[in-house]
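Input: structures, listed below.
Okay, so chain A shows up in both of these, paired with chain B first and chain C after.
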Partner chain A sequence: MSEIIESVKNLSIGFNSQKGKQISILRNVSTNIKKGETVGIVGESGSGKSTLALAMMGYIKQGLFPLKGECLFKSEDLLKMSSRQLEKIRGRKIAMIPQNAGQALTPNLKIGYQIDEALKLHTDLNKRERDKKISELLNKVRLPSPETMAFRYPHELSGGQQQRVAVAMALAGKPDLLLLDEPTTGLDVTTQAHVLELLRFIAKDTGTSMIYVSHDLGAIAQVSDRIVVMYAGEIVLEGPARKILKEPIHPYTYGLLKSIPKLSLAGLPASMPGSQPQPGSINEGCSFYDRCNLATDNCKKNSPDLEHIKELDTNVRCFNYKELINQNNNLQTSITKKSNNSEANEVLKLKDVSISYAKQKFFDQLLNKISDQNPTVKDINIDIKKGETIALVGESGSGKSTILKSIAGLLKTKDGQIKFENDRILSSDLKMRNPNDLRAIQLIFQNPDESLNPNHTVEQILSQPLKLYFNLSGEELKKNIIDLLKKVRLGEFYMSRYPRQLSGGEKQRVAVARAFAAKPDIILCDEVTSALDVSVQAAVLNLLQQLKEDLGTTYVFVSHDLAVVRAISDRVAVLYQGRLCEIGPSQNVYKFPSHPYTEVLLGAVLEPDPDIKPKLVAEDIVEEKPPEKGCSFQGRCPRKIGDICNSKVPPWQIGENGNAIRCHINIEELASLQQ
Partner chain B sequence: MESNLITEDKQKNKLEKVFEILKTMASRPSGLIGLSIVLFHIVLALISPYIAPYDYKAISPNTMLLAPSAEHWFGTDSLGRDVFTRTILGGRTALTVTFFGSLIALLWGGLLGIFCGLVGGKIDDVVMRVVDAFLSIPWILAMLLIVSLLGTSTEVLIPALGFFYGKGIVRVARAATHDVIAKDFIVSARARGHSNMSIIWNEIIPNVRDAILVEGAMRWSWMLLGFSSLSFLGFGVSPPTPDWGLMISNARGLMSFAYWSVIAPIVGLSSLIIGINLTADAFAKALGIDRSTKAPV
Partner chain C sequence: MLLLILKRIGLGLITLFIVSLITFVGVEVLPGDACTTYLEREAYGAALDTCIKRLGLDVPAYERYLDWASNVIRGDFGYSLSGEMPINEVLGPRVKNSLVLASVSILIGIPLAIVLGIITALWRDKLPDIMISTITIFSMTIPEFISATLLILIVAIWLGWLPGIVIIPSDATFYELLSNIILPVVAISMIMTAHMARMVRSSVIQVMASDYVQMAILKGVPYWKMVFRHVLPNALLPAINVVALTIAWLLGGVVVTEVVFNYPGLGRLVIESISNRDLPVVQALAIILASIYVGINLIADLMTLMLNPRLKSLQIRK
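Take a look at the complex of A and B:
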């Protein structure tokens, strides 16, 4: 057995409430990190995973304090050390990579200088050795052209490259332990897969132990040897990664894995009811009791201990874990959804739509037109049928939100038309649309914290569309609000709550209810589940599907997550740099032939399965602007065939699976290449 | 963390909300002290004409520079006027002028700031340039000019002070509006087709109100200091109006042998400034507005 480098023993961390009560947010946590091992700590927001990770480098956030227990790094308690002693350890022995590397780098200092500072601080190398080390490190984190990289400023780098620089800086002191707190959250799918691959390589290459904290089991699955699952401040399950992911024997982990949409599965993931309890609200019994479908009376009164199960090499905190042993086949199931009948009429047509953010020049202003030869979004043609869910997929910056905004009338189109019902052209100016058209198209946003007015109660929020479109007031208004809340599975008592008094999932339900208040024909959903925890995401997806089946609403669903898209949509349109690459029934987009960009996206999906590794076929470059001519994907395409890709816009071809693909490679050839 | 906990179930009406904010403010020692000082000054200012033992302008050569005694609690000044009377009435002057001055500052500063934040673009640029230009003029010089042209009556002082102290509020109101209009709930309201007025009234004002009020409260204490400095220099209210700045100015030469005539107005002025400052701070905290610069990451 290899050496243990850090050991957490019975650690509890808490804060004092305003009423003077002691509230713990980490309860009795014990775990060991072995040399060379990567441990994934997974949990939803608020489960205490970051608090635990920070404590493991001897750092307690302001306002919090350790209640009991210790963090032994090489048998010394970090929590008892003076700040002088800690300074010697941090960076040299334990290094940390934060979530947002862009913010952690100093903006006005060159990359090389910043790494040099780290080297000066943590090593005794002289100038020549340090210079060599810098290029060695930049090479190791696989930054392009490491010679010139050292002379660049952080803002000249993409998010993924900044994250690589952060890794290089963390490695400068040759740490024994590397702490990573959500290091890939917020990066694009392809970039995320690349950074994870790099981390895996570094762990192997340097033998550094890593603690990888994330809410994302897909990412955790790619890097971890061992996984610790946190729930409401406790470890509920801990064991070898493969065991945890393939045979989870804690009901929370089991439910969590079931609630993650998977590429291999059509249909919606099963959702878990409820949400994680707030710190301080658990008095007795198991903290998962409210949401557990194996719960018994015993669980209500007694809290289970973390039990070691020798045969499985696993620790589990559950009385009834035995019921889950050998249940792993059930993990691969999903809820079938009613598919849309394809006979329906088209409600919305995008015809040759182009959208530009370019500022109008003076002359153009007079003529009221936009002359931008290379607009952000170009030539979008999509016909959307009544009652279908069409998904727009692509990395950030691919123009998904831009298209939604112009459908909603928030952005003027440069060219082309948006036609609604019976081919009536909708004005691209909000002010020119008639009220009934405004009512018919509603938007739901990514982040309910931003989309709900923090100064309004749920009642006020929901009454806005009801008053505006239907002139309701008094009892009738109230009745409608209660009906809406019921539709999104919230009780009447939510009416008087403010958004800050709701959990993330509840807030998003209110946002969904507000959209449905207008009795819309079309709802535009912009990354509506991206800000939610996985278990909550599944619930919101199921809710959206249910409402659609009941009310016949049409969805335009924007997401960067192919697995989510697969779960909810009937058709998928793939976008790169504001240009369509592929469009077709969603079950087919996941079958070959695919557009090379779709192939790249599919390859980068992180599945919560250690056996499904991402296939990295393209560089994770971020392109600033779409190319002037030729194929939009020419800059990154791994299958690029030559000059024709740079000069001519590729034609649409229909594959035998019925998907339309826009590529110069002959479609049969593409299919055989991808086999 | 705790603010997320569900604490209230009942919807509160406006009055209850005000009361709740006051309660939160008073729950911290500094807030309680600040509120008590301000309350004390306000009450004193309201009742001072009725409790003042002497006529504030009655000059009497017989009672010049008397030390504090049972008849004259705070002694008398060089013209034989009762210092206690003049101190409590001086608070009334200071509060009246600066209260209405702040109100004017809030009104024009808030409205212009919200307007600039809303329209953005060129107009915003030009207006903010002008405001910045004004900010760079030493305000006291400008006040001197105004006062020497228009006189030193409160009808001149109040709007003039209100004008100069409104500049800072413009910036805060503009920044707050700017932040809010980028939020998705505004986009959402626009997409629904609400009128501009309804969006300003329902979505924007409630979200910028707090920041503007807090800034107003902060400006109030600045204005108090500014107003007293003007009087001290002889450009504020004119004698014989009872006023702290004037009192300090008149008595400063007598410090060494008649310290009483200067201590009372100094204590009055500084305690009110501290009180307003503490209150404004507690107010900001109670509303959850972080006045410190960005928290470290």
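Take a look at the complex of A and C:
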């Protein structure tokens, strides 16, 4: 167990800035990987974790170069090897499982060929043996029908299947060390849990060491023996996984863990102020100084060294870490939010809404109707109260965004009505809506990079809605813009910035400010925090909650992340394949009895706690379209009771907690099954 | 798949039909008709009558269109006024000449472009790239008529190595042609190769930066194997359409080059028949050039479809 496989010594990697300065993005990193051990490397985007992982394969991305230090694999420096020598090691001794397998598999080559390539390079098997090995490997990563899988092209597989192929490819050369760079990011919750489970199994089965790089402490917690926390290119904390997760003694790790929303906790996670410094901007002092609540004057001038604490078996880079020892119980707290007034009037009603993407047939087009018997979204009934935050959850393809687009008028409904204020029916055609309704409903998107015009300054971006809806100009316009910026906690000087000069969190704040500029009644949020780092996510969630409490806005909040939804929402609607499964007050939806699909989703959530393991009850199949009749979840339901599920749409049942469940199983029976 | 091919062919035929209508209607709405335009001041008496008879201008327009169209479908383009012979006889040698010029340029230029593009991309910002890129950008920026004239001046007049202009009849044999087309080929290739090499370069660079190439490297695939299996098939796929357009452009006659070198190809025929006001020939050329474009683009689309696994399975599933 103690044999060291790879050891990184004082590694610094950097690039030359346009002004000719040398800027380092990895600074003095040292760590050891032992045989059979899984090390998790965690940090926000830009903290240098992928650079470190790639360097451990002797690979330096274009534009970067090593400044000093070494990466010793079995006491040979990978950074000094020729590409010939490296070809012998890569894939055979150290193999990589990439972040986005969809993009990391060569599109013009069949799956089988790509695995065969690795086998040819790294084993002496002949053609027949290799063919056998390919199906063995595909079988091992639990892909369905391994024989035919080899003849498929990468794009013919789902995201989870592609990731499995990447795992099979990495295992082909029987490596001693597996490097995994965000291998589950971008996958659905259930798929993510399945892939992680597979990786854990492989680590145990083959005794391979693994380096698991991720921004997601939930995933890291599931696989790692040891955790390395990176911040701004440095290791700030390193130690046994359980210690790091339960008793983090570095202020950054502590804050990071607190900013993760947890399933078991209602209320909002605490956020850390600020964001990670840009490479090259720290000249002296601790790199975490301006976000740290334990910072002292000493921290400003001197940078702390990585200190080894023997009794904790931990390395920490902080002068004041002692203040955090035995503070751990505070981790399980959150900010309670004001719950909304349940007496309030309903502002938005969805009545029997169905939406179809099917192309209209010629005659239907003439008659302006859609005759799709099996629409993407069907029979949605939700009444939304004023000032309420209602969340729509479900895996990708469950129709969440589709419903939002329909409310916003971007997509026509097939059947049903969307009623706004006093039961006034909103036209499903954007052009037919009156300007006031357009103002009253605003949308915020997942990716601010795509929704903010890169050629406009923040001032221009924010002045558009103000001019359009309120005809403001001159001094008044400017005053309003400054007010808006203040609301989203951005200073006046941001007005002249372009989106590219903002961090991810700042961009999303500008997007939030733009939505609020219209003084809307309802804001539709589509995965607004999914692209953000956790610490930034917590800040945006708190901001949204604060604005709502001040202004009484109603949110329709779409997310695939059940913990985030738990934190922000008053009520939750669970969707599968465009059909409602369960709806109710959030505290109750997160309690049993639940709809079998909700149960599956809850089981798959990855918590940043090594003692809470995901429960995998359903297969992670991807269904292409909803079933023609019966229950929408019949194809994957682990509790399916028989033919009735295939033939009859299940009825709504109201539980004693007040959540409504749509299932053929009697609700009391569900409760006892789920005990 | 088959349905898709048929659909594409159908669309192509519709395009051709529209082109033929436009050229036909264009001639109709011009003041006068083909005969008065051609004969100009001599448009009276017997000459006019024979001309009208020959072209059948004495029947209503739509009948003439149908007549003309059905003849074209059978491969008969009518009668050239200036050549005083069937258009097919005028076209035949010109088509052959253009074909020769185009195929030689294609055979030399396109492989060269691909090789140069790959070299510049793989040695990006190194000496080979800097040298080749300077030359390609340079030859891209000089207009054809200047480079062609310079070539004549240097190679033909100063050095006297090759004939400056092509002084062969339009029905010369292939061998006669070959020695005469070296300069035109060089002039054409300079521009064409440069453009295509730049495109191949950026396409290869883009693929080299992709995740799957990084993955192949990390898998331990040797460099050249990676280039040939993982990079080139994906990088050259988008080049197919550009190559197709270039071929169509070449086959349709490279007007400027042909005029400067006095080369008897389709391009010069366009100029000649326009300046001779030989409307039947202009009509015939319009249809032929349109067919070349439509045909070649069709082939390119189908090839992309065949070679790109992504599109292929998409189509089959539908």
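List of remarks:
Going forward, the second predicted complex is superposed on the first by the 673 of 675 C-alpha atoms of A that agree within 3 Å, B and C clash if a C-alpha of one lies under 4 Å from a C-alpha of the other, contacts with A are read in each partner's own complex, and residues count from 1 in each chain.
Here is the rule we use: a contact is a pair of C-beta atoms (placed from the backbone, for glycine too) under 8 Å apart; a residue touches a chain by one contact, two chains touch by 3 or more.
All of these numbers come straight from a predicted model, not from anything done at the bench.
Following the overlay on chain A, a clash is recorded for the pair chain B and chain C.
With both complexes placed on chain A, chain A has more residues touched by B than by the other of chain B and chain C.
Contact with chain C, but none with chain B, is seen for A:His155 once the two complexes are overlaid on the shared chain.
In the superposed model, A:Ser83 makes contact with chain C only, not with chain B. Judged by the touch definition given at the top, the superposed model places A:Leu105 against chain C, while chain B stays out of reach. Contacts of A:Ser17 after superposition: chain B is touched, whereas chain C is not reached.
Of the two partner chains, chain B is the only one touched by A:Gln501; chain C is not. Applying the stated contact rule after C-alpha superposition, one finds that A:His122 touches chain C and leaves chain B untouched.
With both structures placed on the common chain, the touch criterion links A:Arg92 to chain C but leaves chain B unconnected.
After overlaying the two complexes on the shared chain, residue contacts for A:Phe470 are found with neither chain B nor chain C. Comparing the two interfaces of chain A, the one with chain B and the one with chain C have residues 98, 100, 103-104 in common. The touching residues of chain B, counted against chain A in their complex, run 1-11, 183-185, 187-194, 202-203, 206-207, 297.
Only residues 54, 57, 59, 62, 83, 86-92, 95-96, 98-100, 103-109, 117-118, 121-122, 153, 155-156, 166, 169, 173 of chain A touch chain C when the two sit together in their complex. Chain C makes touch with chain A in their complex at residues 209-223, 229-230, 233-234, 237, 307-310, 313.
In the complex of the two chains, the chain A residues touching chain B come out as 15, 17-18, 23, 25, 98, 100, 103-104, 278-281, 408-410, 430, 433, 435, 438-439, 441-443, 445-447, 450-457, 459, 464-465, 468, 493, 495-497, 500-501, 514, 518.
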